[in-house]
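When the chains are written out, they are named A, B, C and D in that same order, and each has its own residue count from 1.
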Amino acid sequence: MKKSPNSENFSIKTSITPKNKSFIEIKERVRYSEIDRMGVAHNKNYLEWFEIGRTEFCRRKDIPYKKIEAQGYYLVVVETFCKYKKPLRYDDEFLIRISLENISPKKIVFAYELVTEKEKKIIASGYTVHIVTNSKAEVCSLPPAIIKKIRS
Amino acid sequence: MKKSPNSENFSIKTSITPKNKSFIEIKERVRYSEIDRMGVAHNKNYLEWFEIGRTEFCRRKDIPYKKIEAQGYYLVVVETFCKYKKPLRYDDEFLIRISLENISPKKIVFAYELVTEKEKKIIASGYTVHIVTNSKAEVCSLPPAIIKKIRS
Amino acid sequence: MKKSPNSENFSIKTSITPKNKSFIEIKERVRYSEIDRMGVAHNKNYLEWFEIGRTEFCRRKDIPYKKIEAQGYYLVVVETFCKYKKPLRYDDEFLIRISLENISPKKIVFAYELVTEKEKKIIASGYTVHIVTNSKAEVCSLPPAIIKKIRS
Amino acid sequence: MKKSPNSENFSIKTSITPKNKSFIEIKERVRYSEIDRMGVAHNKNYLEWFEIGRTEFCRRKDIPYKKIEAQGYYLVVVETFCKYKKPLRYDDEFLIRISLENISPKKIVFAYELVTEKEKKIIASGYTVHIVTNSKAEVCSLPPAIIKKIRS
């Protein structure tokens, strides 16, 4: 097979994790329906856990995501990345760590890490990139008051 | 906010798409339950569409994924990436394009592109990286016969 | 354990199936992520297949569900029932049969049957009950023109 | 439209709810991805909440469902019913109540009720019927020790 001109991209090293930063942490448990044929959590559920994580992140920063939307701002997902390191099985409990990696009026990046409850071994890590839009899906800027809270 | 030592990673340019390569193409339609509160398809569904895509890819290469597993090999997802460019709405039809980006006995990379049905505008693009394991979740090598078929 | 006063309800015999009626039929295939830990399709997916079925039912009656909503009417699910008879496995193809069981301006009942592709053996059967609301979630009546099309 | 011979079944009165019985109660929160195009939780998620409920029910009875499966018994879902009364919205917190409605060596019925957190208003109610199988999907009987724990 011919080498792709983009093949260098395969070696993406996403060390974008909440490790070196202040993060918030929540506990989750794997649901039966989240397990697939291999007996482990299906890859798409991690994006859902990331989402639960950033919902909780905003809540703890005293700006629940529901309120951000109520003010007419949407954090539209434009990029997701996840690296899966250890499998999760039915009924496993684990921690989701979320940190704010980057914020500007028009763009936010959250980083995530899923770790085992006791030994804090890394289960998965990843990030999501969001742009800010209004309710008509037009790109816009988050007001400083919201940015300040998320950054706090 | 302090710059992350990893912040260069944010500018990942994944032009890993099926564009320059032979790809197979299938048609899908957005289900009602795949739409979220914003009225567009939720980000996690794209990983499911990628999966439907590679299932079909293997089938057309005459080595249905079911048979790969029946022979004791599992293509475990270790990395997923998706870039979301245009929203998908309820009942929209779209095309999923899948190409084999890279294959070695222990690792496979598939690239994906979702495009609009008529004008072939890019809706999303991404890739998944898989390692090969046996049924005990131990890393192993795909037999040459399977590799040959996937590559064909 | 004390007998429940409602225990007669356990013997619900839902022979509400599309059998004796005109039905429309579509083909679906089980996705990898729809399989659970037992190796069979998870029970919640059947409700999604029912939904795909009624979406297609409306489309073939020349009144796509999207258009019903565009006219300001919502068919809100108020009851779902499913009886699971034979398991579905990864990559299985099957047929979804949908019939209109009952329609009045304020209430619609659809019946469903999932059957195997070749021998038409029953995989599952069930029904969904819908009330009609406007965009403010207030109960209202479907206009005669829509009822006529659905009934056609 | 000709009346169905089974139309009496439409008036199923499922008063099978945990009300009159001892039930266990857990708190859940609606995830963003569980919301559909209408802005409310999609009907299929209720079956997932029922499942989370019975998982927790078994855990509190000191017989985690994982252990039941580890002993070679599976509680296969053969029937699900749900009545939807009040909508759930993004980030809403609610209670899931689960009670054992009926148990015999070969069959178990769980009843569920979702209620609002403060005023305990009914959001939804339903039940699931399970038969017992071994790992080969053959019908079998639950051992008395497990039945005793579930009943306790």
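Following the convention adopted for this analysis, contacts are C-beta pairs under 8 Å (C-beta built on N, C-alpha and C of every residue); 3 or more make two chains touch, one makes a residue touch a chain.
These figures come from a predicted structure and were not determined experimentally.
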Comparing A-B against B-C, which pair counts more contacting C-beta pairs?
-> A-B
Far-end chain from chain C, centres as C-alpha averages | A
Chain B and chain D: spacing of chain centres that average the CA atoms, whole Å = 34
Please compute the C-alpha centroid of chain A, do the same for chain B, then give the distance between them in whole Å.
-> 20
Where chain B and chain C are represented by their mean Cα positions, the distance between them in whole Å | 30
Sites on chain A at which at least two other chains make contact | 32-33, 37, 44, 48, 51, 90
Okay, in this complex, where on chain C does chain B touch?
-> 31-33, 48, 51-52, 55, 64-66, 90-91
Taking the complex as given, what residues does chain C use to touch chain D?
-> 1, 4-7, 9-10, 12-16, 20-21, 37-38, 43-45, 47-48, 51, 69, 74, 76-85, 87, 100-103, 109, 128-129, 137, 151
Residues of chain B touching chain D in the complex | 32-33, 35-37, 39, 42, 44, 90
